[in-house]
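First subunit A sits with subunit B, and in the next complex the same chain sits with subunit C.
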Partner chain A sequence: MKTNRILMATSALVAGTTAVWAAGHVEMADSMTLVSWGGAYQSSQQKAYLEPYLEMNPEISATWDESSPQAVARMRAMYEADNVTWDLVDVVASDAIRLCDEGLAMEVDHDEILAPAPDGTPASEDFGDLIVSDCFIPQIVYSTTAAYRTDVEAWNGETPSDICALFDLETFPGTRTLERRPINNLEWALICDGVAQEDVYDVLETQEGQDRAFAKLDEIKDETIWWSSAAESIQSMADGEAVIGSSYNGRFFSAIVEQDQPIAMLWDAQVFDLDGWIIPADLPDDRLARVLDFVYFATDTQRLADQAAYISYGPARASSAPLVGDHAELGVAMAPHMPTNPANATNPFVYNYTWWADYRDDLDAKFQAWLAQ
Partner chain B sequence: MTDATAGPRPNSDAGGKDKPSGPMLAADGTSLKSSLARSMRRQKIKALLLVAPLLIFIMITFIIPIGQMLFRSVENQIVSDTLPRTVVALDSWDAESGDPPSQAVFAAMARDMVVATELNNHTSLGSRLNYETTGLSSLFRQAGREVDDFGEDHTDAFEEIDPLWVEPATWVTMFASDNWVEAHAEWAERAEAAGFGFDELPPPFEFSEGVQEPLPRTSAMFADFARVLRVEDEETPAEEEPWNIVYLSLYEDLAADPSAPSAYDGETRALLEEALAITDTMGPFDYQAAFEEIDEDWLGYDLWSTIQTFSPSYTPGYFLASIDRQLTPDGVEVVDDDRKIYGTLFLRTMVMSLMITFSCILLGYPVAWLLANLPMRTANVLMILVLLPFWTSLLVRTSAWKVLLQQQGVINDLLVWLGLVNDASRLALINNQTGTIIAMTHILLPFMILPLYSVMKTVPPSYLRAAKSLGATNWTAFWRVYFPQSVPGIGAGSILVFILSIGYYITPEIVGGTKGVFISNRIAYHISSSLNWGLAAALGSILLALVLVLYWLYDRIVGIDNVNLGG
Partner chain C sequence: MSDALTNPADVASEHKAVTTFAMPLTALLGVILGYVGGQAASMPLIGVIVGAILGAAFAYVSGMVLEHNRTMGRWGAIALCGALGLIAGGFGGLVGGAIIGAILSWAAYWLTSGDYRRGVPIYSTPGQVLWHNSFLFICGFIFFFLIAPILTIIPLSFNAENFFTFTPEMLRLDPAGYSLKHYQDFFNSSDWQLAMRNSLIIAPFATIIAVTLGTIAAIGLSQSHIPGRQAIMAIMISPMIVPLIISATGMFFFYSAMGNWLEDNLGFSQEMTGYIKVILAHAALGIPFVIITVTATLVGFDRSLTRASANLGAGPVKTFFKVQMPLILPGVISGGLFAFITSFDEVVVVLFVGAAAQKTLPWQMFIGLREQISPTILAVATILVTFSVILLITLELLRRRSERLRGMTPG
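So, the complex of A and B:
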């Protein structure tokens, strides 16, 4: 770290520009505001990233703001008021794309600001395809996946084996619970209507394809509780209100492993999604310098692997995967619970961010209209 | 008030003979009317000054922000701000012809896009237009990556003729005024002296006289180049090679007017004359083909008609969208059935809020009556029970209803246990309109009870006793004597509950399922997720207008004086 900072300073001196790297020369701010999701996820970041960082830099004070769910709107409001109080914001990839499009997030050169892997692989290769936007610094891979209750009598001993069990009311009767948005649901509907995975977005682009997906969802519409926060879906499955449904894999992990609920994962057609940092655009030099220093540390191979000891989300670096160990409190091996674990990722669905950036507004209107019918 | 000051006048009829004719005078000889008016004015100013702090506070924190937010529902400057040239060029395009626009429009778009990409606002324009036509977001994002390469070959050709062309100094010599060169040198000196942390912007670029006219395209583009460089990177044209599009503009200027170099002198003239040769070796740049190569949708009708329709600075588009209509080149059209949602939601919000208000009246009235008529000590205990929900988080209360009402929940379990409901056909009490009405009635009940209570407290019990002693039955005494006196409380409570309930969105979101959500849920979605603040503002404005209309109706029917919020 020290050498890195000195390097930064010298290169800045040599270059003599006011570019990002001059930040190494500028006084670093001694406080920062990090924005995250609260709950178990934020505390995993606190333990894996922030606590070790604060130990190295005891003069720093850091505050959390649990505003990630509203990050996009809050950031736009801050920029309009010209008073940006956040230094580093945790968002899902689609929000990162939106913030980048709006010019509210800083574009970064991943190789320049992030640590290379221990074997020297540059960061951009280590993160690979997960860098879905120039502003986005990936942290974890999570998945939206389905799970089911293991004690449903009406199923006569049958257990769901693929995602289409969601739509199979004959074999698997009972209430479903799905997210109240078109993303993922339309894709699953098409897959279960016989569309090959790689054709899903081509089909969904057409009016007929959209009608087809909604027609498939119509079959289970009246049997579905539509959730808007992931906790609702877990709650309704734990209470037996729903027997099969979707949520984030980390939420299911805590219901199954930590709370011992009779729920089993159905990894089939799980949809990978990403969560990571963005740095607000146009931060003052001293704050930017502090944030870059923190990000360099918090996204290195070891730190990303450490986070997996607290929550079952896969580290975004390829080089972190072999370092994933046991759960810090429960002692169970975390690897089998990772969405990226080969046994779980036999049939993942590849989510198309740029496609959804285009179609989100339109399909959301259609989806809400369909729900309201 | 002014009528009252003129009060003494009628007296003149009675004893008019004694009084002098003309206006009445005060002791100091000025007319009584004006001296009264003056003292009244002083009082008014004093009163105004007393309320001024609150008034200013409300203006700054409430009225102005709300006004600004509502203004967004019609504001649409982003299109003409980001694409100034294109909007002008596109004016002459006939959308109905079905042909893509002319090369001139594509050329204007290329210039606007280069500037927008450098300023990094082409993508927010893409998001804006994507609200109207699906697919434009990625079209703009993609073009942003490519458009700075437009004219690359022409830049190379200039460089081949003379390497001096890629020297920033060449361009500065050609265009910059002496003033600017001097100011720039001073600025550079200060920057050198200050070292790191120097954040003074360089001086804005100035053309020297007469250099712009011979090369109109080039100088216009160069002006943009210098401006963007200054605000975006805090740099100056003295340090940076111009964009490709500047070279392309120079090529077009030279091709259009081969005599242009003669307007210059010295080295610049020689360079330009030498560069004239480029018009023989290079063909004109095909903007249309270049855009087509990025994506064939650039030639499509949808993109250009959307830009044309939404190029004015103010648009009714958001308001039309909030009533399930859309603006198209052919005028206003109803959206497809599979996207109609806002009409349903507005109606549902109104109807369900009324239902919630009525159930609050039904449940709240007896409670308020009890509170007002029980002995003080018992009433206080009851009052705490009424207020208790205020001290509990809204989310906790709503979630508690979830536990109670769901099919595997407490109420259904109880009914099944009692044998009132068959286990297989448990009641659906939540994730539908019933759930929203039950939970919202519970949450809003105190807002009904408190005004009712404060009004009932002031009704003397002796009135009821008097009615009964005059022979009224219990019902008649209540209905003819007590109830009319409690109406102001009902009015106040209803207004509070109704207005609060049309704005609720957390509770409907959690317990409302698909059929129990309100328009506010959509407003929240557009504010926080889709970032379509214009549409959110339009929906909000309509909601505000609806409330004002209902308020006005209420005033006409019940009378606003008949409202008592207590005291």
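So, the complex of A and C:
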């Protein structure tokens, strides 16, 4: 008891002096923990933003935590235990919306904390529609798309030309690899079952429509490996275990261009999505100051364009697009590999965030039950 | 059998034994190996046929023609299969074929020369001989299944590509298919270096705490006058019995609260509390191992030694260090090794309790496997395997040396 009281008295004293001292100026923390997706994407962030930033601020130490796939669950647990160790979290747009709704992500004023474009356009206009939530600081536009191996003998020289090759076991026999979640798979199944693109979500709203999509997926279920992380799909296609499948376009780019794998893109019905930063809510002042300093730097026009030199994702700022050049190490022009390139975006599928926000939990459960059948 | 050759009847019966016993068995082995080899060269049917013919032929040759010239017979078989492999699959085929030849010719001599009866008494029935050899094969298979998965990672870690794949270049043993780049990645990547440093900080501290507390607990619990010994023991070893994921969840909330208290009241930095949390959590996991091993050595400890020591005027502390400790040291050391390995290998608790600044090698490997699947993981695994083997060999050599010095024979 007595020691406890002494401890509390001392700590009150320490806290008091700290508060007085901190009131003058906000000291920036000298370390930060960034959360991202690992793989080629994280290394593009490392090279385009973090390394230059650390060069300017050599006293800082930064640590990566490759936990973005579990970001929502991990952040809920951290706030419940009052032990938030993350400073900046990379998430997809729909996760940002969820975290923002739950109050776990900080709402930001984009014009205040982000750099304007070089011509003075404020950040909110430069990012435009891509700011889908008050908490979301967009970085890139990516797409989930399909690709196939180019050396499959059983296909007798045929090459897939549209997304329905995924479901065509007769012309394109072999193992498929698809993401272990309903999003995209159900839409593609309906399109290949004859539903027009614009009607997909109307059909998917009904019980019959959902049954129809699952029935279509049933056709290839026995031939499909379900991946949870994009690296798995690339791994199984690189070692020939799967011959056709879906992944993020940047992962395919890295396998095809950097690793020289016999894989070709099938841009048909690619699904665009956004990825960006959120700042956890209620960070201590010193850590918040450091993160804001980093985010200001890491999301300016030049940095977003630099990132496109390492991975084929489109920068989220309109002002970055003209600055996209060649691959930093291989020297190939990056523009033809961007999902937004007109040649690739001939038939993109328009993904409906708000629809999925309403139906996600329900269809997730149905999808998992269907997988277990 | 050699001196019976002059008798025509014996030659005939030997001929029969070779054709009815050894030849079908080696032919069968040849079919299996031929299928495996043929599959690699994508012509399994030809492999099966060639394997069967070669198996039967080797048995005949080793039993009837070259039975006294084993060296020549075996090298001949290896050369023949190697040549066939070379035709079918280049340099990789040569190596594969030579290995198949070595196995087949060994089996042929083993069966025809009667070596398979060597380990059993002369009066054993065929059933007993069969069981004896099956038993040896089962043991061999168990050994194989324990070791083979570990050995496959070693060549894969020298892969020149960024995937967990035996590329065609690697199978052809082409030097271009191999590289050290994943080892360079490991030594140049700040993430891996941080993980390595953290593992080397956390594991030793956790071990020291676990060994100290575990040894004291084991000695206390071995006193017969402690009330509720069984209950205390059960609580102490519960971290070993409760599923790890449950301990980890509990630890996450417990240590979060403790960490917040340390940060708010003692002014520790977040990084420092992170280390303290993980070290304490790992120590808690290691303590049961130390208690169990030390308790086991205490069973053979003669209590009258401590009374004799006290009788001679030594205090309890001196008695512990001079009398008891040297005798229970093997238990303490093996408990410490287990505690060290527990902390060094542990991934679940550190994922829950630690932050990214405390990521250890298993954390980095686990996350890397999930998000990246880069062979850097295999390079690290190879380094760790080599490190553990060296560590265990050193310990074993030291143990033998100390036993030799103390005049015991190593056992």
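In this text, the second predicted complex is superposed on the first by the 347 of 373 C-alpha atoms of A that agree within 3 Å, B and C clash if a C-alpha of one lies under 4 Å from a C-alpha of the other, contacts with A are read in each partner's own complex, and residues count from 1 in each chain.
The criterion applied here is as follows: contacts are C-beta pairs under 8 Å (C-beta built on N, C-alpha and C of every residue); 3 or more make two chains touch, one makes a residue touch a chain.
Computed from a prediction, not measured in an experiment: that's the story for all the values here.
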item: Which of subunit B and subunit C A:Gly103 touches, first, second, both or neither; value: first
item: Which of subunit B and subunit C A:Tyr79 touches, first, second, both or neither; value: neither
item: Partner chain in contact with A:Thr354 - subunit B first, subunit C second, else both or neither; value: first
item: Which of subunit B and subunit C A:Glu232 touches, first, second, both or neither; value: both
item: First (subunit B), second (subunit C), both or neither touched by A:Tyr296; value: neither
item: Contacts of A:Asp364 with subunit B and subunit C, given as first, second, both or neither; value: first
item: Contacts of A:Gly39 with subunit B and subunit C, given as first, second, both or neither; value: second
item: Doubly contacted subunit A residues - partners subunit C and subunit B; value: 18, 69, 228, 232, 235, 239-240
item: Touching residues on subunit C, where the partner in the complex is subunit A; value: 161-165, 191, 194, 252-253, 256-257, 259-260, 264-267, 270-271, 274, 355-357, 359, 367-368, 370-373
item: Residue ranges of subunit A touching subunit B (in the complex, touch as defined); value: 12, 18, 22, 25-26, 69-70, 72-73, 76, 98, 100-103, 107, 175, 180, 211, 214, 221, 225-226, 228, 232, 235-236, 239-241, 285, 354-355, 357-362, 364-366, 368-372
item: Footprint of subunit A on subunit B - complex, ascending; value: 120-121, 123-124, 126-127, 130-131, 134-138, 141, 196-199, 234, 338-341, 344-345, 402-403, 406-409, 431, 509-510, 513-515, 517, 522, 525, 527-533
item: Residue ranges of subunit A touching subunit C (in the complex, touch as defined); value: 7-8, 10-11, 14-15, 18, 31, 33, 35, 37-39, 42, 63-67, 69, 77, 80-83, 85-86, 228-229, 231-232, 234-235, 238-240, 259, 261
